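Comments concern the structure below.
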Amino acid sequence: MTVSVFRQEHFNAAHRLENANWAQDENAAFFGKCNYPNYHGHNYELIVQVTGEVDPGTGYVMDMKKLSDLIWEKALHKFDHKNLNLDTEEFKTLNPSAENIAVVIHDLLRPHIASANKLKIRLYETPRNFVEYPA
Amino acid sequence: MTVSVFRQEHFNAAHRLENANWAQDENAAFFGKCNYPNYHGHNYELIVQVTGEVDPGTGYVMDMKKLSDLIWEKALHKFDHKNLNLDTEEFKTLNPSAENIAVVIHDLLRPHIASANKLKIRLYETPRNFVEYPA
Amino acid sequence: MTVSVFRQEHFNAAHRLENANWAQDENAAFFGKCNYPNYHGHNYELIVQVTGEVDPGTGYVMDMKKLSDLIWEKALHKFDHKNLNLDTEEFKTLNPSAENIAVVIHDLLRPHIASANKLKIRLYETPRNFVEYPA
Amino acid sequence: MTVSVFRQEHFNAAHRLENANWAQDENAAFFGKCNYPNYHGHNYELIVQVTGEVDPGTGYVMDMKKLSDLIWEKALHKFDHKNLNLDTEEFKTLNPSAENIAVVIHDLLRPHIASANKLKIRLYETPRNFVEYPA
Amino acid sequence: MTVSVFRQEHFNAAHRLENANWAQDENAAFFGKCNYPNYHGHNYELIVQVTGEVDPGTGYVMDMKKLSDLIWEKALHKFDHKNLNLDTEEFKTLNPSAENIAVVIHDLLRPHIASANKLKIRLYETPRNFVEYPA
Amino acid sequence: MTVSVFRQEHFNAAHRLENANWAQDENAAFFGKCNYPNYHGHNYELIVQVTGEVDPGTGYVMDMKKLSDLIWEKALHKFDHKNLNLDTEEFKTLNPSAENIAVVIHDLLRPHIASANKLKIRLYETPRNFVEYPA
């Protein structure tokens, strides 16, 4: 009996999109408003999906409270109420697009999820723009 | 032309989480607030997904009104406004975790969905905790 | 500059509706499914509105983190993951209708909100049924 | 690094469901309220999913602003504030069920999405009825 | 103890906006896409608010199930899955703007709500456009 | 016939909360995470309510498309994808709390709304924290 469990968490952060190897006018042309120099920000909604066997003793794939704690301890405490470009190791040189944030959160959580279980990240940057990794 | 159709239904119920083979303090330690003795409850949101070929005559995979009726007749009338632990056959001995409720609803509906079609259940226990079966 | 601030919190509980002075068949006839003997339950969404002057030094009517803590310390810790009829002083004899729960939460919070500020409660029992007090 | 990006758009339209090869009473019996002669309508929510490699230079699978523009230029300008049965080429003879609308939108967008990328459509006809194509 | 109770219902309908006393080009210029000749449509979300004293015997201002039934019997059965301009008495000559629909629903329900209670209508024409009456 | 019409718009911005007249440790102690030096950000949801007489010729209190345009031209273009503290005249010295942002947006729009009509602002800073002005 393989089931997916999903836990949704909320954080918010400032960021701007920029390729440090490009000239400023290239960045402005490509990223538009998302490249404004003094940052903007979002309420991010994160959904973490863990897929695995249901434990017959507990009826759980994984304790959702522990999953929630793990998400904060291993990933979100780094990003919540922060400036992703300035305040984090992860996005010092990596452009903090929704795609890249989802991959980073996945890679921070992956070592802490049972290896037999699959892990998938959905991240809402706005109510109308969101991403999933792995696809 | 294979399409998935989804129908969302709402029900509410009381439950508590408990492994009847464990001592009371083990249950309390593992399940925490979800093990409180006198039950708590939820507004469950159920999404039933049926995947199959679109009928060229009707433009339907399946009539959504009939799917809605089926969900209530075969599954939700058993659980709505009930105590899952005390009032239902299905959860007399099975722990009513979201994972197990999703599997039970799947198994109640499966015989009544055309065998050529796939069936998947998503169940929201709270707006931030939900499950899917099969994964 | 008078502004309202709103804080939304989530809790869940079991309950049943019953007038202890009525015969059982009167209760069943009047309250229907909400009177089932073994309880059902809900995910309640609570919105607490505090209306007052904006403090020019802080830009706040009231610190939302403190309001959130207050809601849990003075009210929701009593009800979350509980059976309202069996586990609470407040609903031992008072029918736990959404109307009455909203009034009770209001009265628990009122002494802890600055007396110059107005307080209003909105309580969602389901996504489609909700109440406000005072009206 | 394969990621899915999703863009949600809103449009509204009138339609009625009907198989032009059936007698009127057959249509009324099968489609019920959805066959009423003078049309009804919906606020459709469309989610377009594009799956592909993240470009290391931009951090994007695809620019969401360009995806939004494409959705309107290639598909939604044909349907928004229109009567699907009377005003559109696509549904002159094709029954505008949610399933068929999703397939049509997919086929309008597919030539304009990079061929290496996968495309998937989710269409909400109401908050409780929705479809996905391909499944 | 005065409390407001709210009940949300869903219906959908086709309509177009038009002042029958204006020339066609005046209508097109003023109402834009909402004046397209063959109608468009919406999923309307209706919230009915009834404000009154809580009955100490029942804990209710008004039975929400009865309120729901009343909303359908006195108002929504006339409009659901209909063309407001063509199929209804109410909008034969009255422009079916959200404002006018809210007033019409209010006036259909008002005689059936206890005269001591206040009645207010909120109507969502889209998730981002809605109205209230009385203000 | 007095009706309220509501239009919801979305923008996002970076900000930090700070009283420039306080020492840094006072700011950190009072505003907590909201005072982090390099800014964080939000997806703001703005609901603008205009209350007035329904025009019998149009069935409108106010054209919602014009209201939407007005909100962007007079207010939101200043704030969308900006850093409220660094990039705006309005919050150079005024702390950009939700309360203050709501008052500023109100005051930017008020001269452009017909003087006979009432204007009210609701601003969501997060899905669980929001404000209204005037109260």
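Note that the chains are named A, B, C, D, E and F in the order they appear, and that numbering of residues resets to 1 at the start of each chain.
Quick note on the criterion: a contact is a pair of C-beta atoms (placed from the backbone, for glycine too) under 8 Å apart; a residue touches a chain by one contact, two chains touch by 3 or more.
Keep in mind it's a predicted model, so treat the numbers as computed, not measured.
Looking at chain D and chain E, not one chain touches each of them. These two copies of the sequence, chain A and chain C, are related by a rotation of 180 degrees on CA atoms, to the nearest 5. Because chain A and chain F share one sequence, their contact can be compared position by position; here over half of the interface residue numbers appear on both sides.
Per-chain Cα centroids separate chain B from chain C by 28 Å. Centre-to-centre, using mean CA coordinates, chain A is 41 Å away from chain E.
Residues of chain C found to touch two or more other chains are 127.
Chain contacts here follow an irregular pattern that is not a line, a ring, a star or a complete set. Counting only pairs that meet the touch rule, the chains in contact are A-B, A-D, A-F, B-C, B-D, C-E, C-F, D-E, E-F. Across the complex, chain A meets chain D through its residues 17, 19, 21-22, 30, 32, 94-100, 102-103, 127-135. Against chain B, in their complex, chain C makes its touches with residues 10, 12-15, 33-34, 36, 38-43, 80-83, 86-87, 126-127.
Of all the residues in chain F, the ones that touch chain E in their complex are 1-9, 51-52, 54, 57-61, 64-65, 118.
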